[in-house]
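I have placed the structure first, in the form of structure tokens, so that the comments after it can refer back to it.
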Amino acid sequence: MSGVWGNKIKLSIFGESHGKAIGITINGLQPGIELDLDYINKEMERRAPGNSELTTPRKEKDSVDILSGFFNGKTTGSPLCAVIHNTNTQSKDYSRTKDLMRPSHGDLTGYIKYGGFNDYRGGGHFSGRITAPLVFAGAICKQILESKGIVIGSHIKRISTIEDESFNMVDLKEEELKELTKDAFPVLNKSVEAGMKEAIVKAKDEQDSVGGVIETAVLNLPIGLGEPFFDSVESTLAHLLFSVPAIKAVEFGAGFEIAKLRGSEANDEYYMDGDKIKTSSNNNGGILGGITNGMPLVFKVAVKPTASIGKAQNTIDIEKREVSKIEIVGRHDPCIVPRALPVIEAVTAIAIFELMQ
Amino acid sequence: MSGVWGNKIKLSIFGESHGKAIGITINGLQPGIELDLDYINKEMERRAPGNSELTTPRKEKDSVDILSGFFNGKTTGSPLCAVIHNTNTQSKDYSRTKDLMRPSHGDLTGYIKYGGFNDYRGGGHFSGRITAPLVFAGAICKQILESKGIVIGSHIKRISTIEDESFNMVDLKEEELKELTKDAFPVLNKSVEAGMKEAIVKAKDEQDSVGGVIETAVLNLPIGLGEPFFDSVESTLAHLLFSVPAIKAVEFGAGFEIAKLRGSEANDEYYMDGDKIKTSSNNNGGILGGITNGMPLVFKVAVKPTASIGKAQNTIDIEKREVSKIEIVGRHDPCIVPRALPVIEAVTAIAIFELMQ
Amino acid sequence: MSGVWGNKIKLSIFGESHGKAIGITINGLQPGIELDLDYINKEMERRAPGNSELTTPRKEKDSVDILSGFFNGKTTGSPLCAVIHNTNTQSKDYSRTKDLMRPSHGDLTGYIKYGGFNDYRGGGHFSGRITAPLVFAGAICKQILESKGIVIGSHIKRISTIEDESFNMVDLKEEELKELTKDAFPVLNKSVEAGMKEAIVKAKDEQDSVGGVIETAVLNLPIGLGEPFFDSVESTLAHLLFSVPAIKAVEFGAGFEIAKLRGSEANDEYYMDGDKIKTSSNNNGGILGGITNGMPLVFKVAVKPTASIGKAQNTIDIEKREVSKIEIVGRHDPCIVPRALPVIEAVTAIAIFELMQ
Amino acid sequence: MSGVWGNKIKLSIFGESHGKAIGITINGLQPGIELDLDYINKEMERRAPGNSELTTPRKEKDSVDILSGFFNGKTTGSPLCAVIHNTNTQSKDYSRTKDLMRPSHGDLTGYIKYGGFNDYRGGGHFSGRITAPLVFAGAICKQILESKGIVIGSHIKRISTIEDESFNMVDLKEEELKELTKDAFPVLNKSVEAGMKEAIVKAKDEQDSVGGVIETAVLNLPIGLGEPFFDSVESTLAHLLFSVPAIKAVEFGAGFEIAKLRGSEANDEYYMDGDKIKTSSNNNGGILGGITNGMPLVFKVAVKPTASIGKAQNTIDIEKREVSKIEIVGRHDPCIVPRALPVIEAVTAIAIFELMQ
């Protein structure tokens, strides 16, 4: 069923892109946690649209209204519900093309699943906008994790075919990760940044879009998070990562490449670093037997190119059941990778937080 | 928490590799379903060890004893519990190396998570053997799905660096899929089979191991399975797939490759095939907005090389906390890809069955 | 954990009595259900305060704002979130007595459970006011059930020691039940009404309060709802009924009285009424083996006297940890039975709706 | 759905009275807990049949076989599955009356719910025998609770119309409770015991049965267990209590009687007993706002008279859909109260254990 996730914490999400509001209720937060609202707002801004020429001009403030579970600056231990009111909604943009199912979107599947009763405006409950409440929940989890020394950071590993370097999975520095979170377009090798941005602008100019890959790392996790069956770290993370619209692939550690190695190459050998147990390689991305092993947790996700493009495409009119052309004229990102990145970090924080309860 | 999965059906798994028995309880099966026990046994045999020179010589019958929920050849609607007794366990193999944490295994993470109280023999609850009950549950789901016309099939897409062709995601034939399930080493392009097997035997001879990639497809799914948040088809499948030991990556449709395409290339355009809505490409692997769109559901998983190898490796002695050498002498598969394949199909069947409730 | 209930439908509740808003998110509603908002408002009014001399003068409009999951007058199938803004909150009433733990309230247990971080104003998340969102959710379930012919009705079985008659559990008329729902103070035997009201007013005049018993019936249920372990009809209903503040006892059918009978008296014998299977008595209250048997489902709940009274009581000051006197001066109902009645019906509707999915 | 219960611990139950085996899998037990198997067996014996003239002569050893999650005398942290093989099953007793729906049993509701595919022998999955695995799980929880100083005890409050005294809810002694658990027929006032037993034997001699009431108390609970919505202590306990066959009513503290009191009488006033906060009465049975308040937790349950009686009753033949007479000739308890008592304690232990996670 849609809408609720988690076992020890439970998230309940709601909202449609052009409805009254979107929001989330978080259950299971400890009482007495002081929330840094500036921190939360900064995370919200990282995801918010309209910040540069690389994103949609739809400018949305995304200011969060906490309705419950928060009193005198601290969590109460009761369910914390936060809503974001939808203000800048140009619903007319969408009603004209209501019956034209946008390729690569949830339009058709939503229409059939919900018998045509779904709120189609702006993608409705399928909109990437629904990730804003996840960023809010993630910002809370992230700051709690940080207070325990756990750091999450990401970079843009690829835009279209332009590749950044990969994280050094064995010896990843905390400072490096933290630095990345301040950057609206974080890459490890600065020399690839211009080319990546160019690819995005070029796609935009051609009424087209590009996708990419995000690589995320989590440092200073305790050994022992996760379960063998069925809530491995990979399962828990992947469940949330694949809930983020446009994510089509997830790989941990060396991922698909590990399958090319011999066991003797792939196996991460142990050694003692003082009184700490470490591995000399990290092809398993910090997870063994579904459980964290204390090494950096590292994974990559593939973000498909924005489905909404201005270029003419073949589609069908769902009412008439006949083929039609569609040229999408709304305000859309030519590449959602930079804005998806804080969402990936948010759901990572949520998943880790759940596993730590 | 470990052990229970599902919302509308609920699986409860248990067992350790060298304990008395392993098993599973399936909740939520409709009453009156006639179970084909031969079908189930055939699936169990596909996963069972000792069938060829490519697998471990540990010969285990894996015969299933159904304890409840099954009466007069049919499901009763009550919880169906099945156990597989562990018979051929050579526990002495393991006790000698109890304190030596096998690299790339769950030994260390399990030891620390469970404070050393876990059953270490043969990997205990982390053993690949625990997938046998999943194959049992999958065999039930699979035959119910087949009675509705839904077909699941897989092939070995890669062993080490030797690649098979990929499924034709747009025009995949039911017969082709069914044919694959009869083959113990299914590939699309028969010319790669010998090379793949050779790579496995060579690794075995060198006390080493290889990994690979499995590609799985599901045909004839109705449109509308899955949910936008948080139980997308990708989330539901990935949750179970990443519970299977050794799986480190999952990609749907074009997966990581879709991120290299422009939106105009990646988007799957619609057309009418008679009264059926189809897409002319299938880069999304049959899933849009987290929901099935009626096209073939296609995904790939990466299987890491068997962690247990005879070659000497560096590890630590967990009691002494010092470095040691380990040469694993138990009976292990040089490549678990062929035996992992029916497990992948089984959890696919389980996930689809859950989504169809 | 607090906040989420249900398996096939899932409710997520939130809010504090004097916070910004209270509300609920309902997951699992079918798309395309036309909601009768007048019907919902009427149910909200049944629970709302300030309607007569028998209730608190706190006048609260309780108007519901549906934020999501509702489009063009119909459910969309996505999570439906509704909030009720808190408007008439006199927080000053409460701050003065913040450290005085009101006897028979959740003040002390909440304070200790949440380490003093709970929102203490007006009972916070423990307030009876939090049942308003349950009435909203119940009103939706109730109208869906009614469209299937299922009718829920209740009467005040007892106020203090003044007893009404009991439902005729064998031959209960649909019209009679429906009639009861129109009455703000429903009793079967009209002659007891005046005495009951007098008892309430007398208690009020003496700065005291009274409790009572509510009897509820559900007609036209199909045979087969509920499960043997662990989600019997009794379990599912009792779980929600005991979530309603002030409920301390629940009995089904003849309840505690059935335990006084011999088996030969207690057993409900079967007979055929045309092609319908019926029982000639209904001591089991329409539930056998945890499952509905098609007879009227009947149960009673005990509502304790309002804990907040004006009369002086001994209590402790939680900060000073010393004994103190308390005279509660807020606006409180001398008897919550009439307002609890629609809440009991609401959670009954929710429980039945869950069991019917 | 049937079969799984719990949030932080999860129980998965299975089995039919005359199938191969019944059992339970417990998820969420901490690793390293030493289990006292004698303690467990003693609890199993308390519930086992055939111990006196008051129970069924069906003699069943109920020896438990732990299949997993238990290694070297301690829990491993993995799912712990235990089975009890059905040995003394006289299935022929039942097949003769297969189509005759026993009044007050789950025969009819089970038949219709499961479309006639349920295992009808001896009540199948509806049998009281299925509570044996609950007693096993409860025995584990109980000994863990005891190691934390928490004590559970019960007495027979009523058989038929013969009443025992009630617990002193304010000043209940630990030793008194412990003493009760050693008694196969525990009452507070020894003078009522003979009359109670006589009532049972008389009912048996007349091919009839009697019911009764059990009162249970839990001492030394910490303040703060339970949640306001929806997992109050009352909700959590009642959910499991109403899963036990034959339980038709549950009341906490003064229960239905509290509704007869004025607020000024019912409210439990606070005082300081040294540095402990206590209440001078305990009408709320140790639970306020759904949360334990540190006072003795006390509740009563009503057990209906055994449904299976030798006396002739009217019933229907479900195949022929016509009225018939039934005289049940199997081996049945004339009163299940004494054997239900350890089951009530077991599910109490399970519920408390869940709330303490």
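All chains are identified by letter, namely A, B, C and D, in their written order; residue positions are counted from 1 within each chain.
Here is the rule we use: a contact is a pair of C-beta atoms (placed from the backbone, for glycine too) under 8 Å apart; a residue touches a chain by one contact, two chains touch by 3 or more.
Only a predicted model underlies this, so the values are computations on that prediction, with no experimental measurement involved.
Visitor: If every step must land on a chain the current one touches, say how few steps get you from subunit B to subunit D.
Guide: Tracing touching chains, the least step count from subunit B to subunit D comes to 1.
Visitor: Which chain's centre, taken as the mean of its Cα atoms, is farthest from the centre of subunit B?
Guide: For subunit B, the chain whose C-alpha mean is farthest off is C.
Visitor: I'd like the Å distance between the centres of subunit A and subunit D, where a centre is the mean of that chain's Cα atoms.
Guide: Going by mean C-alpha positions, subunit A sits 47 Å from subunit D.
Visitor: Using CA atom averages as chain centres, what separation in Å is found between subunit C and subunit D?
Guide: Between these chains, centre-to-centre, one finds 26 Å.
Visitor: Counting only residues that touch at least two other chains, what does the list for subunit D look like?
Guide: Correct list: 1-4, 7-8, 13, 78, 113, 125, 228.
Visitor: Any idea which subunit C residues touch subunit B in the complex?
Guide: The contact residues of subunit C facing subunit B are 7-8, 78, 228.
Visitor: Over in the complex, which subunit D residues touch subunit B? Could you list them?
Guide: Within the complex, subunit D touches subunit B at residues 1-4, 8-10, 12-16, 19-23, 25, 27-28, 31-32, 65-69, 71-72, 74-81, 83, 113-119, 124-125.
Visitor: Which part of subunit B faces subunit A closely enough to touch in the complex?
Guide: Where subunit B meets subunit A, its residues are 1-5, 7, 11, 13, 101, 103-110, 112-113, 125-126, 130, 158, 160-161, 203, 208-213, 223-224, 226-232, 234-236, 238-243, 245, 247-256, 258-272, 275, 277, 279-280, 283-285, 288-293, 300, 302-309, 311, 313-316, 321-323.
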